[in-house]
Every structure is written in structure tokens, then in C-alpha cells.
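Paired with subunit B in one complex and with subunit C in the other, subunit A is shared by the two complexes that follow.
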Partner chain A sequence: MPKRRRESEFGLSTLEKVQQTLRRRVCRIEIPPKEIIEENLKEQRQHLVDLISRCAIRGEGNSALVTGPHGSGKTMLVSSVLSEIEANPRVSKNLLIVRLNGLLQTDDKIAIEEITRQLRLDNVVGDKVFGSFAENLAFLLEALKSGSDSAQSILFVLEEFDLFAYHKNQTLLYNLFDICQSAQTPIAVVGITRRLDVVELLEKRVKSRFSHRHIHVFNSLTFPAYKEACQRMLTLPSAVGDAKFVKRWNQSIETLCSNSTVHDVLKKAHQLDKSICGLQSLLLLPICRVSDDHPEIQPVDLLESSKHLAADSKAAMLHGISVLQLSLVIGMKHLTELNDGDPFNFEMVYNEYLKFVQRKAHVVQCFEKPVVLKAFEHLVALEIVKAVDGHGSRTQKEYRAMSLLVTPAQLMDVLNTHPGCPSELKHWASNPLPS
Partner chain B sequence: TPRKDIVPHISVRRTPCKTPSKILEHARARLHVSAVPDSLPCREHEFADIYTFVKSKILDGTGGCMYISGVPGTGKTATVTEVMSFLRKEVDEDKDFPEFTLVEMNGMKLTEPHQAFVQILKALTGQKATAEHSSQLLDKYFTSAAGRKQPIVLLVDELDLLWTRKQGVLYSIFDWPSRPKARLIVLAIANTMDLPERIMMNRISSRLGLTRMTFQPYTFKQLQSIVQSRLEGLQAFEPDAIQLAARKVAAVSGDARRALDICRRATELAETAQPTGKGKGPLVGMKHVDRALAEMFSSPKIVAMRQASRQEQIFLRAIATEFKMSGLEEAPFEKVLIQHISICRLEGLHPPVVSEVVAVCRRLASCRLILLESSTNELQQRIRLNVSQDDVMYALRDHGE
Partner chain C sequence: MEGTTASEMEDPLSILCRQKQIALLRSLMGEPSHPTYPSVFIYGHAATGKTLVVSTLLKTLALPHAFVNCIECQTTRQLLDRILDRVANHEPSPENNYCSLNRCENMNTFVRLLKKTTEDRGIQNQTVYIVLDKAERLRNMDGNILPAFLNLSQLSGCNVCVLLLSQIVWEKFLFGFGSNHVEPFIIHFPDYTKGELLEIIATDCPEGYSVEFYSSYVNLLMSIFYMVCRDLNEIRHLAQLNFPKYVEPITKGEASEKDSHKLWRNIEPHLKKALQTVYLREVTSEQWEKFQRAETGQPGQQTSQPGILSARAQMELPFYSKYLLIAAYLASYNPARYDRRFFSKNHGKVKKSAVNRKKETSHQLLGPRAFPLDRLMAIFYSIVDSRVAPTANIFSQISSLVTLQLLAQVGHEDQLDTPKYKCTVSLEFIRSIARTVGFDVIRYLYDFVK
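Then we have the complex of A and B:
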């Protein structure tokens, strides 16, 4: 008896370990190993490694931009390069790294304070930076000018680079690029952005100083590669523990990936979004489902997860509204179709509602006008209807121009699945009342 | 305060920079934009003009202004700095040549136009004061000239950034030289030729005077000789390769930085292409320059469209179809959605739900293949293409899976 208990405990901890490993992968806490990145991005990675190490070893100033759509692994690429660089003592002891993010450093003042703090310059005491903005900038430029090739190289990593281009006069970018291109402290600037037209945002003189090195990263996975990536992401390394368990798990993953349901789910996900990020969010739910009673990932889990991700938010919201509100929405749909997309107001909707209720009074209860207005306002709060731009606060709320934010197809889908929707309502939805 | 005496510095590196050993490394070091040569090729004429202007003013002991304009990367700042170092040398050699003080300033390196006063005062007297106070002190400094004999050369780079609504900074800078005792020579550098007429008030542009100089963009011959002069004595490039880079850059902008960057990138490409690098014969050929040019000049939009997921491509096609039907360059999301769903049906795909299409649309907008009007109203949001319709058709032609 005690032996069996220990075994079960052991099993549990293995599963916990499995979950931990897989979650770290899926939630992007861990940088995937170099080989996996090199499979698709060998050239780009080599370019970055060369660029940074040349800056560190030879003191050559450089600037480059990493561009690519969301989830294509720009940040991953850069952090993988940085971790390799840091492991190389020849490079790392001559290189200081300054990381900035356009979402945090929203103007040059904050950015320059952050740079002086990360470089630990002399006007920094503890975590405080002293001096006015102008003094800080002058101080920083002075510091960067004073050390020519005897100073340590500095690598600036600017995430969300496009946001830096919105700073006033682009002072920070000008100065960074200018130092790159003049014989001062050797620095390299690596910008990360998803905007493909980011260079057009730069001012002429800033653009001229940028060395126009573009490193493009795309979501270039074909479907077989995508499927393989899925399998690799779920496959455990042998280090997790119990060799037998790992072997069994990996076998189960292999059968999972050859399943036809899984194939369909992955195909659909790949058609929608080729990025690894999309795959990761698809796999998160199945991984979290793994437990003692459910020690293996089943195809059903993936199917369910894909359904979760594909849920239509508007339809889900419509499921929760009352029959009165539903009939208002149907009235609005008819009004929109009748008027060819022109906006409507509450009075028109109420009129439409009255027409319906008077004919079918035995099915649907007729509510007072204030009650209907309240229901209407509830719909506004849910943003199922919205006031047309520019027709705001001045008009009375009954006469405010509104437009419907639900497509007819969405509404019909909801009516077919809505619990307790009277059939008269469905009928009305497909056939407008003769006026 | 004790902070005044601090000379800021970046910590010293552990191992010194490696000096280049191979030919390509030498070439790269020389091609770097920061490696400015002692004398700039193809700018002799401009050099002579600026030199005679400054020299005559210094010798006469008078003041004056000069406005220098030209597109970025045409060697304005480099030429002016060269003139200054040449004059400096003359001062050292020639006993009769009067000493002069040089004050350099860059509009882009200031946080605010009025900081210019602070910087000039600090450079002249070492005093530190607020902007307003420094302006008064400088006024006094240039009118009285008590106990001061040296002429001052003030070099203002990126002049257009000193513009304020009242134009006080610009006025002061161009007014000082006309004071009898100031002996101030102002060299102002900016990009646009008509800046004085466009943004300055009449009383400022009249003070600026008519001594103007325009730096023309480099022609391809000049770019070629710039690159060749930097590579003198190094057999690293095929002559045709340099010519290709020079011609391409001259056609686009005439920016010397671009030409140097391209050649530098080409050396890198050549190095990775043949890691042995024996150093015999010309190493960087046409194909390397061509690849570097493609990397720097080509737009990634077509590749981005080709690499987009199936639904994203269908969405782009839906936009193009909708444009063709309506004849407009803009379409509401609702209409595109209808096209999207019908294309999906036509191709035998399960049509995605609205939320998914919205996500697809947002993704395309985040990398700026399409432009979205900022509005919270999803269905009525207007969509425009950021690429031409022909490009969409070209990229997506014969590209269904």
C-alpha cells in the first residue's frame, strides 16, 4: 500500500513537471534552442550575430531593423542572439546592452533617463537620475563623445521601434544613428518593429543616417512544417525524468499528430494564422487539461481548444440577451436593410417593434415604452448598437442616430441556437413585416 | 555644485578594438561613414568658397553669415568641419593669422530651441545659466566685446529646428554678427534651399543676407570617385561593382552615406560567400553589390503578402475585388466581409466567423499592408490598401495552395 501511494505521487510529480516544461514553451518564457531558430532564420540570425559581434570586437558602429508581422519571432530572434553573445566572453566583456521599449519609454525624456540609468553614468545615484532633460541629453552625448574607441561598445535594442519615430523631432533616433555613423563610442542600434513601412516614418536626416539594414522575418511555415512544429512543441526532452514515461508520452504525441481530426484542426489554424504564436495559444488549453485522470492529450482537446479560439464574440454576447432585446435587434436589422445601411433612431425601432407585437400579441408580450427604452440602452451598453460618429450628446437619446454592429448572418445564426427564442421571432427575422 | 566638474565617460573596455587584418576588413573600416578622409573628394569648389568667406572675415575682423543648404548626405557638415580644421592648422603655422574661437552646435542635439543660448554661452565662457539669462548675457557679450580680441566662428547645424513661433533664437543668431564689435561669423546649415524665405520673418532673412551656398546631390561619377578614393591602394572591389552601387544611389538620392553603406554591406556578403578570403584579386563583385542593393532598396511588401496565411491572402483579394466593384479606393469592413465569405465559399473553405476575420484584418493593419481608419465601430470601419492593387494581384497570382 505505501509503495503504491509513492508511485502515484511520483506519477503526479512527473505530470507536473511535464506541464511545467510544456507551459514554459507555450507561454514564451523560454527561448527555443539555436538549432530550431536556425532552421528557418539562419541567414537573419547570422547577420545579427555578425553585426553585434563586429560592434563589440572591432568597434564598428551599425544600425539595423528587424521587421516582420506579429508573432513571427522577432523578439525571440534577438534574444536568442543576445544569449549567444552573452555566452561568448570575448564579446560580452566589451559590450553593454541597453534595452528600450517604445511602449514604456513614451517620450525622449524618459528614454534618455532610462539610458543613463542602464549605462550607470555619473549623474545616476541609486535609481535616480539627476538634472533636467536638456542637461541629461547633453550629459549623455558628452559621455558618448568622450570615449572614442577605448570605451566599451554599447548595443541599443529598441523594441516597438515605430513608436520612437513618433517622438518630438525624433531627437533620440537622430542622436543614436548619428553616433553610429561618427567616430565616437562604438554603438549598434537594433530596432524591432512590425510595421513594414517604418523607414517612411523617419525624417529625411534621420533616414539618411540609418544604415538601411533590414532583417525581415516572416511567418514562412508551410503546413507540413507547421505540423512538425506542433509535434516538436509537445514532445518532451529526455531530461524530464522517468524515461519510460517520456517514451510513452512522446509516442502518444506521435499518434496524436497523425490523427485526422488533429490534422483538420491544425490545417484550419494554419490557414487562419501561420505564426507560431497562434499555434501556442491553440496548444495552451490541451496542455492545461493534462491531469491525473487525463494523462494524455486527446484529439478532442485540440478540437475543443480550436472551437474556443474560433468563438464569435458578438454571437456569444447575443446569446445572453432577452427576447425583448432580441426582437429589437431584429427590428434594427430590418431597418438597416430597408434603408440601405442608413442609421436609425430609437423611435423607428420602437415603431417596428410595435408593428410586430400588435400582429403577434398572443406570442410576445407587449412592453411599455420606458421598458423598451431601457432594453435599448442595455444594447447600447453592450455595443451591439452604437451611436453614429458625430451624432453625440446634443440630441435627445430617442432621436440619436444609431447603427447596428451585428451582421444579418450573425443574427440568424444566433436565432437558430438561442435558448427559448419563440419561433415567431425567427419567422419575423427572415421575413420582414409588410408595411 | 560638485557635479560641474565631472567629465562623463563610458566604462573602459577590457580588450582594445581589434585592428583589421584582412583586405576586406580594411576595406570595411575605410568604408565606414565615420572614417571621414582628410580631404573630401568632389567638394573642392565648395571648400574653397567657404574657406575664402571665413578667412576674409577673420582677417578683416568683421562678422557675417553664410547659409549652406543641401539634401542629407551631400557632405555639408564634413566640408565645413574640414574648413575649420584647415584654418586651425593655418593658425598654428602662420604667426600673423589671428586666433579664432570655434563654437559648434546642432539643432537636433537640443531638447528645445532656447537651449541654443545655454550651449553657446557655455562654449564661450564656461558659464552655466538658464536659457533666458544666457540670452541676456550673450547680448551683452556681443555688444561690448570688452577684453576680447578673438573672432568667433559659430557653426549651427540643423538650423530649421531652432525655429520658434516668435523666432527669437534665429533672430538673435543672425543679429549678433551685424553688431559692430561682435566679430562673429555664423555658418548655418540646413536641408532646404528656401528655408529663409519659407519660415523666417523678413527681418531675419534680411539679416541672413545673400551669401548662400547649395550642395548639389552627388552625381554617379562623384559617388564613384568617393568610394574609390576611400579604397585607394586596396584591391577589394571590382570597378564595375562600385559603378553599379554609385549609379543606383545617384538615381535614388545622391546620398554618399547610402553608397558607403551599400559597399560596406557588399564586403560583408562577399566575406560570408568565401570565408577563406585569400586576398587575391578583386573580391567584391557585381553579384554582392546587387544583393546588397536588393536588401536595402527593395520593398518587402510583396514577400509579406506571399508569406501571409491563406485567410489573410483571401482578405486582401476581397479588398481588391470590392474596390474593383465599387470603383472606390476605400471600402467599409462590412462589404469586404461579404466578399471574403463568398471567396471562401468559392474556394471550398469553411468561412470563418466575424471575429476571426476582424483578427485577420487587424493583423494586416498592424504590419501596414492595409490602412484602417481609427474607429471603434468594427463593421463600418473603412479599409484602404497600403500597396497598389496591381501588387496585390501580382503577389497573389498563382499562389493558392
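Then we have the complex of A and C:
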């Protein structure tokens, strides 16, 4: 195994460390330093810091929503703020943080258990039975008060906030916002969501208790900034060790980023997706490829990675089907065009296939109906063809209404690259048989 | 995949024709302590080595992993329990009463327990791999399961990587509710080319024959099957099954290994028959082998085909049930307005409207249409010669035809008043039924008469 070999060679530990550092960045584990976030999201960040510290120090109840599209750095912003808050002793000694996620706490019962756990009140609650959710929550907050004379502030961070809005009666949200509003324990609620219309999901009573403070985070990177972000993500800090190596590496990154191929690749990526997430997945492969035999990132690596990401998966799957299945797909394409997109069934496809085979009997072998049916069912299993009325219908499989989920353009692409595809089949695909 | 167990192949590099994918996966995994991408989605056709590559890699590198097949897990709890057991290296056995270590009902508990389990085993620094085979089944589970798995490393704070294996492309995994998911890293396992298939199948060459001889045989076999089937498992299975037949002239001394033409002439009709029977599983492999042995005993006698399942078109039914079924078939495939012409004694003149006729597609293509009970009974009475009283018996036969799935009830099941039915049998079947009662169905079918 290469792993053993590497151990003995020179420069191993440095490369290891390089991987460790860079992988942490692209695999979304590390939060970028404060300065980088401040550069783009200064206002938003300040807003959040103010809001939370006011809650912690002055005991103001407050609520806010951080919204923005996928990969725009909402979670990153909040975690960066949280790490700053925790570092500030004046704020952190008076603030408890409860983090909830809509994907994990799928109903209010689980959520309240999780809140109890995160506030470390399991032993206080014990086996008590509560009449209502509000009572339970009030008890939890009361229990926090009893420890000291003044009430502790609590910060609730609700990730995937829109999923909490699907809970029954939105009890959790109602109670949290209600406590925010009324002068009980000072709590701050920060929701993180991708949906811009999330407020419309809230019930009227919940909506009226929400402070309507929105913090928008958008992907507004211009191309030069995007390119710079790319370079920054690849540049090593001096702490990695072996100053000579780090210097050489950073120089190589600089030349890499000024390369024209890289420029084109990044430009294309930027046009498709401005988010940092897209950049991270673009850089993942080149970073993973770095090894002893390949100690520097080359422009080709980036090019390959962008090709990998852009691959059309449906065409790739079509590439692997047999000639018989391919001729069925062509038949289906013609049927769909003939009937203006109406669904078809197996019998029609088989009829179409027979018509073709009888004309060009020497090209494609004529297979029996059960063999063709098996091929057809395989296409259904691959979800290249889909039943229109779901699986519950009680008609025979031969007569079930189906629709094709492949575009003609995809099909033509595949026909040109398919290994061993007879040219008659290609001809048939572009010219339907006269009926 | 099933043909070669992982124990046979110790080194992942010995897996044929998958070097590129293995290298890609290895570089993604990195060293055990490296952080990894939260989720990797691997797709490709059946038998392209997805499971084999992933499981061999994980086993040979001795990485902590949990390999779970999603088909085996009906509920969320089964799935989550099993993953935790595998991560903790716990195997349900008679000693522990087949219990799993934890009782994990939802994702929230799972994330907590996963962290605890890795800490208990002392592997919190290593990447834990969770492999979910047949991941398309996850779409049918609770909506939060798949998005949560995709971002498990962030949700749990553990160093964990989720590998999803599927035959279905990633686009079909995008869910209806919200878009609260993280895109996985996507890897495609391409299908094997013809040459690669040959190379792989040549590895299980039986003893006593040269590899070239066996691969030339597989080549012949593929010339018949490759158009229909590109599945490695299937071709490999057929190759093993039909090999005794292929070498039969050699064992008998009629030909030598060099006589490829003679061998080909001997095997070709045999393989064509296999395409229609074994490939469709109408004959089990065991029956097929028995049939081959019997045939070698008496050469030239091909009539002794084994009891083929394609005797689909044979079914014993009571007399009136047969007529009911025929009537249902006629009602399903004939337009109602032609009933007069077919079943009434003195029907009016048949008007020929050439314009209309051209546009109609045959009902044999469109499939059966629903008809009300009254129409079924009317046709039934007109085709049965004797007088039949509409007894409870007759009606109960209709409903038992429905339970036999020869008829299907359309619409609401609780409708007692004028229920509608559809006939769900093939033309072949109805013709063989009609033959037993001496009734000519074709003469009454609009598609064939017009």
C-alpha cells in the first residue's frame, strides 16, 4: 500500500499536513477566519453580534431570520458569530446556546427533549409529567432561574427553520416567539433557512410574534472576488511547518491561478454557480489528488474536476443500456413526438419496434415479446421510463401508461457515443418510419 | 458481484477494469484521520462493481465502516439500529438474543448515539464510513432521512462519510419538500465494454481448458446475448450454464478444441433457446442443466423440453367462468356501439364511414377499457347458448374472477351499484380459453373483423 511507503520518504509529514489543512477547508469543517467573513458580510455580522450580545447583557428578547440561497454562508456566518460570542467572557458567562436542526428534531416532542438535554436539565425534569408543551418549556426556563438570582439568557439557533414550520400547530415556534415577546426569560431566536418566503409558512399568531428582522445573505461574489477566494482557499498558512515548502506551495498556487486554463474553468464555474460551495466541490478533487508523486496542483487537475462535475448522468446511464433497449427508447421517442407528449404503453412500443425490425431485419435481430418486455421492465427499473399513474394501477404491465424521461437531445448524444450501435438505429432515431 | 466474494480478492487492485474508480475513491478517502467530504453518491448499472469495489476497499484498508442494504431495512429504526451495530462491531447472535445495542427511533437519537459509539470504540479521529447500498429506497422513508445522511458529518460533528450506492441517477433523488440537502460528490461507475466483460469472465475458466478456448466460447455466447443483455452477472451465469453443452462434442470425441466452426454450429440453436427460456427464468437453471443432460443422452431428440413455465396460457376454470371471462374480454376490447352488430340477431345496416375508420388505433394496442356490469351480462347471455339464470352463483363467479386478478374492478371498490370492470388477460390466454369451449373469439373482435 502506498500508505506504508510514504511513511519513510522525505516531506511526508508536510504533505500530510497540507492535506489536513486544505481538506478541512473544502469539506466544510473549518470556519474561515473572521476577516474574510467581515469583508463580504460585515453588516450582517454586526447585526447578529449586536442582537445576541444585547440579549445576553441587557436581557432583551429578540428574534431574527438569516435567509439566503444554498451555499451562501448562512451557517458559516452564524457559527463565526457564535465563536466570537463564546470568546467574549462578558457575554458568554450569561448566555446558554441551544442549537436545533429541522432535519433532526422532526417534531416538537423530540425538540423539547433535545432542549432539555442541551440545557443540562435532564435530572431536574426527571419523570415529571407536563400538561402542555408551554408548561414544559416554562418549567425548563424557570429551572434555569432557580440556580442564580438573575435569569440566564438563552440563544436558540434553529437551523433549517422552514422545517420547524411544518410541525403540528407550530407549537415550538409559537412558544419561543411568545417568550421573546413577553417579559419572561430573555431569549433570542435565530432561524437559518434557505426559503425566502418562510414567513408565509408561519401561522398568523406566530407571524405576529416574530420581530420580522431579516438578515439576508446573498451570493454576490463578482468574478475577481471569486477567483481570489479560490486562491485564498488553496493558499497555506505559515503554521503548517517547513517554511520553505509553504513558500514554494504558495508560489505554485499563485502561478496556477494566473494560468489561462484555470481562468476559463473558474469563469465557467462562476457562471453556473456563484456560491462558495460550488467552488469547494470544484477544488475537492485537485486537493485530494495531491500526493508524493504529484506534489503540486496542475491546471489539468482543475480541468478534469470541472469535467467530472459537469458530466450528464442520464446520458452516462443511457450509454450502458443494450442495443435492444436503445431501440425501444428510440421507438418511445417517436411515439411521444407522434402523440404530442401523450403517454404510451408497452404494446405500442413493441409495435413500433416490430415495424422497424421487419424493415431492417438484417440489422437488428427480432426478439420475442417476453425478451423485449424484460428489456422494457429494466428501463422502468432504471427510471428512464416512468408510469404515469403510479404503481397502484391495476392494469396489466403491457398496457400501463408510460412516459419517457429522456430528452431527444440526450438520446442523440448517446447514439453517437454508444459502443456497437448500428448506423440504421441512428438513422431511425432521426427519421421516424412512415406509418 | 455475487460471483466473487471479497475474501477471494484481497487486494482491491486485483479487481479488474476498475482501476480508475478505485484510485478516485482512494484519493477521496485519504488517510484515516483526514477529514472527508460529507457524502459520496456512486451510481452505475447493475453489476458494474459498485458494491464490490467499495466493500473491498473498506475491508482491505481496515477502515471502520457500516455496510447496510436499504432493501433489508423496512423502517427507519431498523436502518439506524443496524448502522449503529455495525459501527460498534456488534453482531446480533444467539448469545445476545439477537438484540441490537441501542434502540434508536429517530435521527436525533442516532446522531447522539453515533458520536457516543465512535468514542466508545476510540475511533473518533478516524473517518467512519457508512455505506448505504440500494440507496434509492431511502427516498421512500421519512423525508428527513436522506438529507440528514447527506450532511451527517456536520450534523453529528463526527468525522463520517456516507457512501450511497444506487442504479438511479442523482437527479431523481431531489426531493419534493424543501431543498434542505447538501449535494454529494458524484462518482459514475461506467458499464463494462465488451472487451472488459470478456476479460472478467475469462477469469472463471473451468479446469482442463485453456483460457483462450473459454474466452472464444464466451465471445460466441456474447454474439447471441450482447444485444439483449449487458449485465455481467447474467452473462457469466449463462456462460457457466451452457459450457457443458459447448464442450459436449469434445468429450464425445467428435471434435477437438480447434474445431471452432463445428462447436459453434452445435451450440448456436441451443443458445437461442436459452435466450427464450433460461434468460427469462421460465426454466430454472437446475431444470435447464437436467434438460441438457437428458439431451446428451438421446441426441437429436429435442422435444423433451422441461416443464416450461410459459404454460402461462393454461388455466382450469368452470364453464360459466370461462364464458364470463370471454364476455369480459369482448366488452373490454370492443367499442360499445358495435355490440348491436356483433350480438344482436337482426342488426341494422353497417354504415361504412371511411373517414372515421382511419384514425382509430387498434384496441389491442391501447389496452382494455372499462365496462359496466350490465354490458358484461348482456354479452354473456348472448354468447352462452343455453338459458342461464342470473343466480348468486354467477355473480360470485365474477367477484372471484376479480380476486384471481383476471378481471379488475375500476373505481371505488365499495360500489355495489353498477360496478365497472376491466379484463386483464392477454389475447393468447382468452383464445386458449375460448378453444376449450369451442368459441371463436376472433370472429367477435372488432379489431380483427373491421
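The rule we apply is simple: the second predicted complex is superposed on the first by the 396 of 435 C-alpha atoms of A that agree within 3 Å, B and C clash if a C-alpha of one lies under 4 Å from a C-alpha of the other, contacts with A are read in each partner's own complex, and residues count from 1 in each chain.
Rule of thumb we're sticking to: a residue touches a chain if its C-beta (ideal position, glycine included) is under 8 Å from a C-beta of that chain, and two chains touch if they have at least 3 such contacts.
Remember, predicted model here, so these are calculated numbers, not experimental data.
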| item | value |
| --- | --- |
| Subunit B versus subunit C as contact partner of A:A239, first or second or both or neither | neither |
| Subunit B versus subunit C as contact partner of A:V125, first or second or both or neither | neither |
| Partner chain(s) touched by A:K204 [first = subunit B, second = subunit C, both, neither] | first |
| Touched partner set for A:G420, first subunit B, second subunit C, both or neither | second |
| Subunit B versus subunit C as contact partner of A:S313, first or second or both or neither | both |
| Touching partner for A:A87 - first (subunit B), second (subunit C), both, neither | neither |
| Touching partner for A:H70 - first (subunit B), second (subunit C), both, neither | both |
| Dominant contact partner of subunit A by residue count, subunit C or subunit B | B |
| Partner chain(s) touched by A:M348 [first = subunit B, second = subunit C, both, neither] | second |
| Touched partner set for A:R194, first subunit B, second subunit C, both or neither | both |
| Residues on subunit A lying within both footprints (that of subunit B and that of subunit C) | 70, 194-195, 311, 313-314, 383 |
| Contacting residues of subunit C [partner subunit A, same complex] | 24, 27-28, 30-31, 33-38, 43-45, 48, 61, 106-108, 111, 142, 144, 147-148, 151, 153-155, 167-172, 177-180, 182-183, 185-186, 188, 190-191, 193-194, 226-230, 275-276, 279-280, 282, 310, 364-368, 408-410, 422, 424, 426 |
| In the complex, subunit B residues that touch subunit A | 3, 6-18, 20, 25, 28-29, 32-36, 71-73, 108-112, 115, 118-119, 158, 161, 191, 253, 255, 257-258, 261, 264-265, 268, 272, 295-296, 299-301, 303-304, 307-311, 334, 337, 341, 349-350, 352-356, 359-360, 363, 366-369, 375-380, 386, 401 |
| Parts of subunit A lying in touch with subunit C, wherever the complex brings them together | 1, 3, 16, 19-20, 23-24, 26-29, 70, 75, 101-106, 110, 113-114, 160, 162-163, 166, 194-195, 277, 281, 284-285, 288-289, 291, 309, 311, 313-314, 316-317, 319-324, 345, 347-348, 351, 364-365, 367-368, 370-371, 374-375, 381-383, 394-396, 398-399, 419-420 |
| Residues of subunit A that touch subunit B when the two form their complex | 46, 50, 57-61, 67-70, 90, 93-94, 96, 108-109, 119, 121-123, 130-131, 133-134, 137-144, 146-147, 149-154, 169, 171, 174-175, 178, 181-186, 194-197, 204-205, 207-209, 211-214, 216, 218-220, 223, 268, 270-274, 310-315, 341, 383, 386, 389, 403, 405-407, 409-410 |
